[in-house]
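Letters A, B and C name the chains as they come in the text, with residue numbers starting at 1 for each one.
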Amino acid sequence: MNIVQNPTNTEAVKEIKSSNNNAQDGIYTLVTSYGESYQTFCDMMTDGGGWTLVASVHENFMAGKCTVGDRWSSQQGNLGGGGVDYPDGDGNWANYATFGLPDGATSDDYKTPLNLWRNSSLQRFRTNNSILNQQGGNLFSLYKLFPVTYNVGRCPKDNGPTVPVVYDLGSPARTASFYSPDVTDQFTPGYIQFRSINNERAPLALCPGMKIEKCNAEHFCVGGGGFFPEADPKQCGDFAAYDFNGYGTKRGNSAGKEITEAAVLLFYR
Amino acid sequence: MNIVQNPTNTEAVKEIKSSNNNAQDGIYTLVTSYGESYQTFCDMMTDGGGWTLVASVHENFMAGKCTVGDRWSSQQGNLGGGGVDYPDGDGNWANYATFGLPDGATSDDYKTPLNLWRNSSLQRFRTNNSILNQQGGNLFSLYKLFPVTYNVGRCPKDNGPTVPVVYDLGSPARTASFYSPDVTDQFTPGYIQFRSINNERAPLALCPGMKIEKCNAEHFCVGGGGFFPEADPKQCGDFAAYDFNGYGTKRGNSAGKEITEAAVLLFYR
Amino acid sequence: MNIVQNPTNTEAVKEIKSSNNNAQDGIYTLVTSYGESYQTFCDMMTDGGGWTLVASVHENFMAGKCTVGDRWSSQQGNLGGGGVDYPDGDGNWANYATFGLPDGATSDDYKTPLNLWRNSSLQRFRTNNSILNQQGGNLFSLYKLFPVTYNVGRCPKDNGPTVPVVYDLGSPARTASFYSPDVTDQFTPGYIQFRSINNERAPLALCPGMKIEKCNAEHFCVGGGGFFPEADPKQCGDFAAYDFNGYGTKRGNSAGKEITEAAVLLFYR
């Protein structure tokens, strides 16, 4: 066991790696400034290491439209009522516990043994600017600035920031290859986009590997609020409308099977 | 990290404080007599300190009537069938794991960083008699004596015990101020009441800050069983019928917005 | 606290016992080969001790047919659609996290204080051959070979393996006594059966104490996939159709009340 006590945990994980260049990928026990310890996976290899897993988003059941397990959107159904019923969904993108204490976010979300993570990943990319520093320091503060809330703004003018990524595995072309040609037409790969609002004013939390060009983010971005007006309830879920024209078909607006069944793992350092 | 091993954990937390008068509020790791360790927040300041957080009750989604997240009443809907279908609800008021092992109860329920707890609280009060000692020693034993079960008795004769409180923040008048005048008329502030049965024989687990005078406990008490007959399903949920005449309106039978959005944190010592 | 670090945790628990013959039943902290620590209950008494609790299956709400809490079958309802909608259910019988990291499986599932486990058990039995070694080494690998998936095969030819058990408490006759005579007629007690497919091609994960003789496993086996065709949705749930002819009646196809309200605890060594 590796136990680390430090007010800033991602700093601590960087320090583990810099003080011990042989530190390996694995589960590390971190301690928050309030004294709470938690375990999470750290990537000690990519670009010098020092990365802490802070969230894992995957679709537990594609056909379940905002049902049990859709913690990154809503577990209460697609709730309209003029959009006032459940605009934030389960609210986990702006929940202190989620990103402040990562164990809540990740503990039951691992889909594969973590030692297989690197070799089973479809693509791996990272930012190399200080995007989060500019937005308050972490995803919690970013999503306070850009709430994942229904009807909070319009696309494209109120979308959140985008940032280019560096690929450790894959390429912009490979990112695009996981989606249907009709969908690929809607984004530019090689970026991350935060809080993308769709044509119907439903927010998507994160576009993993692209920035949007047209406002149909529900076909390639993940996470969201509690109401997706279009084709109610067909777009509501952690992977939104990845299955809009059938599960894994990679035709029309549907994503391919590989990306539909993937988990999006988010790391800080 | 503070690790404490002691058969009686609340005793242990008192001992931490008495042996180290500088012990601060924070997360402490406690170890049960069976050797299970768990982390929970301890209040080391109030009245000499030594308080352990054992449960946190809040309404995750007021409009969701006994849906996902309503762990202190029912997550299965408002289930009648002559009251026999789900009289105990999810049963967490009488679940050993809930109060016996506090981490189950609190781990994903923090709404704010715990360092903000004291300054963001609306009111703080405590008993100064030995109410729980008289009822078997803890909430688990108290609720064995007074089950949170539909149709287990009548109001007022079968209600559970009440106990006066001492305010560390607020006052009886302030407690009353969070509710509508129509509701204030139903209780006497300055108390805690356990297991209050309403007119329709639905039990409410806890009235935080008052004892009931009239039997409409669903408008100011929290937690309950799995069936609330009146206005089915409108009163079913962790904060029962706080929104009976609209969310946060503080009119008719509705509570005000502040108390509707608060969490009720329960500490032992 | 007992902290154990070892690549093979069940090996480690055996080693605790063999190095310290006085090791008692209780919660032990184990560390996986990836460095993740978790706590679980160990039985240090039965047949020389060294047993690790890896899962606990019980029916949280018998009348809830694949609703919240039915993690060992489906929490999404009984989902047909030609059987293609949700054939694996929640998939926890083949989830690495469930058996690979036991805490996920057991942490909120204890029904009684664990010190009462031994004396409150209805029956206790164990295998004394190397059934799991023959099937890949653990339940995760066994259920990879015999998926708990709707329509994956037919009864009896595609059922999983059976293995005789040794009773530490009870007997084959006592096992049979918990079920209705109509049900007893369907199995031979004194065995464990893995992945039993019923007449309608719904898989049951585990038959605790018996091997099937007729293909109505839904009345005595537990756990399953996400679709039970017969009497839709009446057979869907962690304890399937234990209540087919009424709750706890022990008449017709219904099990008795004691076994309906029991938890099935699974230990490795």
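General remarks:
Just so it is clear, a contact is a pair of C-beta atoms (placed from the backbone, for glycine too) under 8 Å apart; a residue touches a chain by one contact, two chains touch by 3 or more.
Since the model is a prediction, treat every value here as computed from it, not as a measurement.
Connectivity of the assembly in the absence of chain A: the other chains, held in place, remain one touching piece. When the CA atoms of chain A are superposed on chain C, the rotation angle comes to 120 degrees (nearest 5). Chain geometry summary: the mean Cα position of chain A and that of chain B are 34 Å apart.
Each of residues 68 in chain B touches at least two other chains. Interface residues of chain A facing chain B in the complex, by the touch rule stated above, are 3, 5, 31-32, 34-37, 68, 75-76, 79, 85-86, 90, 96-97, 100-101, 104. Within the complex formed with chain C, the residues of chain A that make contact are 1-2, 26-29, 39, 41, 60-61, 63-64, 67-69, 107-108, 110-115.
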